[in-house]
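Some structures to go through are shown next.
Paired with chain B in one complex and with chain C in the other, chain A is shared by the two complexes that follow.
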Partner chain A sequence: MSFSATMRLDDDVATIRLTGDLDARSAPEFNELVNEATGLQVNRMVLIMDELAYMSSAGLRCLVFAHQKMPPGRDLVLVGARPEVVETIKLTGFDRSVLIEQSTEA
Partner chain B sequence: MTGTSKRESFRDVQVDPLPQRIDAYPTQTIAGFPVRPGQALPFGATPVPGGINFSVYSNGAERMTLVLFRPGEPRPLAELPFPPSFRTGGVYAMTVFGLDPESIEYGYRAYGPFEPEMGHRFDARWVLTDPYARLIAGHETWGRPSAPDDPYPYRARVPYGDFDWEEVVSPGHRHEDLVIYETHVRGFTAHPASETSAPGTFSALVEKIPYLKGLGVNCVELMPTYEFDELDNPRTDPTTGRRLYNYWGYNPLGFFAPKASYAATGRFGMQVDEFKNMVKELHRAGIEVVLDVVFNHTAEGNEQGPTISFRGLDNSTYYMLTPGGYYANFSGTGNTLNCNHPVVRQFVLDCLRYWVTEFRVDGFRFDLASILGRAPDGSVLPNPPLLETLAHDPVLRDCKLIAEAWDAAGLYQVGSFPAYDRWSEWNGRYRDTVRRFLKGDAGTVGDMATRLAGSSDLYGRRGPTASINFVTAHDGFTLRDLVSYNTKHNEANGEDNRDGDNANNSWNCGWEGPTDDPEVLRLRNRQSRNALLLLLTSRGVPMLLSGDEVGRTQDGNNNAYCQDGPQSWFDWRLTEENADLLRFTRCAIAFRAAHPALRPRSDRSAPVTDQLFPDVSWHGVHDWTPDWSADSRLLAAMFYAGLPSGAEVQHDCVYVAANSHWEGQRLELPRLPEELAWHTFADTAAEAPHDVYEPGREALRADQSRALVGPRSVLVLVARSRL
Partner chain C sequence: MSATRVLIVAESGEVAPELHQALHPDEFSVRGVSAAQLSADLAPHQSPDMVLVSASLGLHELTHISRRFSENDSSPTIVVYPDGDFAALESCVRGGYDYVTPPFLPSLLRSRMTSCWERSRLTQTVQEMENLASLREYERELSIAHEIQSGFLPEELPTPAGWELATRFEPARQVAGDFYDVFELLNGRRLALLVADVCDKGVGAALFMALIRTLLRHTAEHTGNWNPVDSPPGSRPGGEPGAALPPMLSLGAGPLVQAVSSTNQYLARNHLRQGYFATLFFAVLDPGSGKLLYINGGHNPPVLARANGEHILLPPTGPAVGMLANSSYTLGHTSIGPGDTLFMYTDGVVEARGTDGRLFGSDRMLRVVTQPGHSAEKLLGLVDQAVAGHVAGAAQSDDITMMALRRSDD
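Here is the complex of A and B:
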């Protein structure tokens, strides 16, 4: 399934909606978007993941890098990640980097 | 939304993106893939700009093919023969462009003669696993067999090398401060009572870090964690018909690859990350990680065994062979790795460096390490180059190197292992002496004294930290079984109780196996505490077997290598059932940590001038008068360290009395100066909770000149100021 990522900016919150497969082939595209958002000095980056069909280890790594690129004290939030993705993030210790939320707020 | 900004921002620093390398371009196409001659070093599969570099060596092969697969697919995606121009000496190297590490598995087909008598066993029917494979797919589920016709069961992959270690570094404990805890990654949490989210995995071990920290150990020694074949056992349990495993895993397949089925995330190919996270979290908790490594044989077995990797790539390089081309068997497992062949030496060094640099582990315990000192023809080398290399390697400089200083072919080097001032040894003499002393054997007091004080007869020049002291280890009885069985009970292993050691020096305290007899149970509890207390007050480095702190039993099985089940697993309910023993062990570990007199510095800084007592002194029924006679079963030692504290000297003084006689004995205590008084830390003759005190809150003794040490009991006192 092809990958797409779209970003919306509201004040200092960047919301990125991901659909399709996030794997080694699509990861660079996602990374570019993350770079752009961090370049805008947002306070909070929200990734909407409930339409993400698959995420590989390369995709997981993007999340970690996304967090590393944000200034200290700013949040990276994952919304609607599938249970196996959440589990993998936790078991490999990547959950220290991110906040995980069940579903889209409001 | 697209478009890349010209400058990347990393916090406040502006960094110009690097230009693309222009020298990374393909020179030709093989099997439809753009390729160029690769870099011969490093060996293995390495991501490079634009692709992956593959490098493999074989001195005997005539030609070599790189075989690529899509993950999990039985048929290869492509086979890429290495052109002659891609070979340097015996090394075949190729860079393949456009490969995504995540969507590729790879192996090799090596073409050459099948001439066993000449040492060659090339067989191009098999796809061979790269000996340098850092990620191996195909066995993510424990106990699931390969398909019998699978041409490539252990499928090499390329892991990502990135990991965020944050600011966490190894605690870097000094040798003398270590308390090692030997455990099995699966067995530690596989039991349902572990209540972990992914039982039997690296991540479940992380969930149990608070337990380890609470216990006070500061180093875990993990039984094999590389890829091995747990199904390499043809036997069944004769009573239940259940298949037996090779549960311990002393049969390596991939020396560089963390075991996939020990990772909850193995199905995502993330075992490397999960392993690193385990090391990171242990380090964060102040706990070091030592890996049990098996560089003495492989899972390929003897002539009848499968061709998986080494045999098909370079049989006569990797294995010790007899003149007729058969496998030499110094390991007792079918084959012997040819460790002092220069190529294999380099392989071992590369492997250890990888675990240290990439996984940040703190040391290694070498299974049957004496094999590492044998020449390719099996003879014992006086100055084994591999051991010397490891001792002096700069990458391994801060590593703990621990030898199991014997092998399965009769070489026994405890005390004489070529150490180069670096190696420590599992002190088998310590284990045997403590066991014999505890069961009351006559004539053991002198030897027990030597063991308690750091085995200077074995390690005089190297100092006590060369001695890894232990009473029990994975190989043999658990502590509970040591005091519950006179003989091994290995029937469930399917070999009519012939396997396992017969010389256990164990004593059942009056009844073989389980009993309700309160006297027998009381004695067993006391004997367990005696062993723990001697171990944790001995000079040297103590090693505990996981579960001994809660009375884990294996029902008398002293060779549970094949028992993947409750008999081997850590039953976490025991932490409640035997909470007294757990508390006792915890206090004994904390007591050790509190008393430098028990842990003399290995660098032997000059002693302070106004010492109260000698470093070690020996006592008995009368103070300053030990009884070394053959009938004596009483040992009393006083350990002392004078520590400079400003202009003053702080006195650290611990008195250990061990009585293995069936009657109690009244002892004169060494006289202390006025400002100090004897306090009781532990007395195994007393019932819990009076058997032990929290360190720092020991009980002031009413009688400062005499003490009673009970029958088969250990008493530990500490000199503290009168408050």
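Here is the complex of A and C:
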């Protein structure tokens, strides 16, 4: 499934909506947005993941990358991720570094 | 010899009479077309040998025409001629195009056309050779990387009496992020088994694979038996109620914990910003008793398939290695009985995709590996077959690594 990522900026919160498959092929596109957001010194990065169908280990690497680019103490929030995607995150232990929220905000 | 196909492109599509007359029909088959017609439909004119373009169309249009041909995998020799406008011709020639000028006398024109054609063939050949040479060099570099990486996998699998070991290693590309390792510890009293997956694939993952494999193996081989005083901070024993000796104090626990936690610390200290990490399953087997100590660092749970058809999974006992600065790893422990098989694998197995995009999945994998009675080698063959049947010719998207350890029936 093809991938797309769009970003919205509200004050110091970057919200990125992910759709499709996040894998080695689509990772660079997402990394670019992450770089853009962290370059703007956002306080909080929110990833809307309810339409993210699949995430490979290369995709997970993007999240780790995003987390490492955020200054310490700032939040990386994953919203509405599907159970399989949450499982990939939990399996590797990365769930300790991010906030996982169930429902999509209105 | 058949006539050279010449396409003449002018503003109006009408070929200048003196040019047409000079191209003798025995040698040249000539067609005229306007620039507008040509851009509307390239197809009918797709494969002329030479294209004569009026200079009055300008350098910009000329470049456009030339690009259109190459986009259609056609590479005619492109030559400019002046349509009365010599200043325009000059600008095209400065732009790197070959040209013919009046008077258009048959033998002079033929001679010029021939040399233009030869020159453009030569340029093309040189270009192709350059491309090929750089491609070859790139391929050679990759194949060297492939060779070197193969040297980071064990040449042979040390297999204790009463045990079977089998492995599969199928990178999606020339170089991989996956790896496995098997080596003896403590003078052969213990056997170390490792299956790991560095996130991402290709050259970047391969470099980290080399680093992580080296750190793990070197540390494990050079750590003596467990000494509680050297206990790395953050590691803690996973107690087993009623056991004679806590796993933390059993033989082989020291090398195992030390290898994983110090590799994690090293990566976190030196490479955290690069965002690479590895999930791994690292086990130490006591071949005499079948007892197995392990650390699962965020890796797909290996399957311990019992001789009676039941199975248990060995889930993570800590996070992926290199992901977090202060990860702690707990020791897991289990026991492999006669006829039991431990199946270790990377996510390339369960995430192999069919042409319809569906993943192979854990359920299918479990159905295959829990069939009792197969040898380790046979079992991996069956998984191979099942995965190949599922992907049905779709391109392999991720590295696939598997290892099966089977304890022979008594």
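Quick note on the criterion: the second predicted complex is superposed on the first by the 105 of 106 C-alpha atoms of A that agree within 3 Å, B and C clash if a C-alpha of one lies under 4 Å from a C-alpha of the other, contacts with A are read in each partner's own complex, and residues count from 1 in each chain.
We adopt the following convention: contacts are C-beta pairs under 8 Å (C-beta built on N, C-alpha and C of every residue); 3 or more make two chains touch, one makes a residue touch a chain.
None of the values given here were measured: they were computed from a predicted structure.
J.: Looking at the superposed three-chain arrangement on chain A, would you call chain B and chain C a clash or a fit?
T.: clash
J.: Scan A:Pro71 for contacts with chain B and chain C and give back first, second, both or neither.
T.: first
J.: Could you say whether A:Gly93 touches chain B, chain C, both of them, or neither, answering first, second, both or neither?
T.: A:Gly93 contacts both chain B and chain C.
J.: With both complexes overlaid on chain A, does A:Ala24 touch chain B (first), chain C (second), both or neither?
T.: both
J.: Have a look at where A:Thr38 lands relative to chain B and chain C in the superposition and call it first, second, both or neither.
T.: first
J.: Is A:Ala58 touching anything from chain B or chain C once the two structures are fitted on A? First, second, both or neither.
T.: A:Ala58: touches chain B and chain C.
J.: Can you tell me whether chain B or chain C touches more residues on chain A?
T.: The partner that reaches more residues of chain A in the superposed model: B.
J.: Among 153-161, 459-467, 603-611 or 657-665, indicate the stretch of chain B whose C-alpha atoms run into chain C.
T.: After superposing on chain A, the clashing stretch of chain B is 153-161.
J.: Where on chain A do chain B and chain C both make contact?
T.: Touching chain B in the first complex and chain C in the second, residues 23-24, 56-58, 60-61, 64, 68, 91-94, 96-97 of chain A appear in both lists.
J.: List the residues on chain A that touch chain B in their complex, please.
T.: 5-7, 23-25, 32-33, 35-36, 38-39, 56-58, 60-61, 64, 68-69, 71, 87-88, 90-94, 96-97
J.: Flag every residue of chain A that touches chain C in the complex, lowest number first.
T.: Listed in rising order, the residues of chain A that touch chain C are 1, 23-24, 27, 54, 56-58, 60-61, 64-65, 68, 91-94, 96-97.
J.: Which residues of chain C touch chain A once you look at their complex with the stated criterion?
T.: For chain C paired with chain A, touching residues are 197, 199-202, 272-273, 275-277, 279, 297-300, 316, 318-320, 323-324, 327, 347, 351, 357, 359, 397-398.
J.: Which of the residues in chain B come into contact with chain A in the complex?
T.: Contacts found on chain B: 1-5, 8-11, 100-103, 160, 162, 164, 166, 197-198, 201, 203, 206, 263-265, 268-270, 273-274, 276-277, 280-281.
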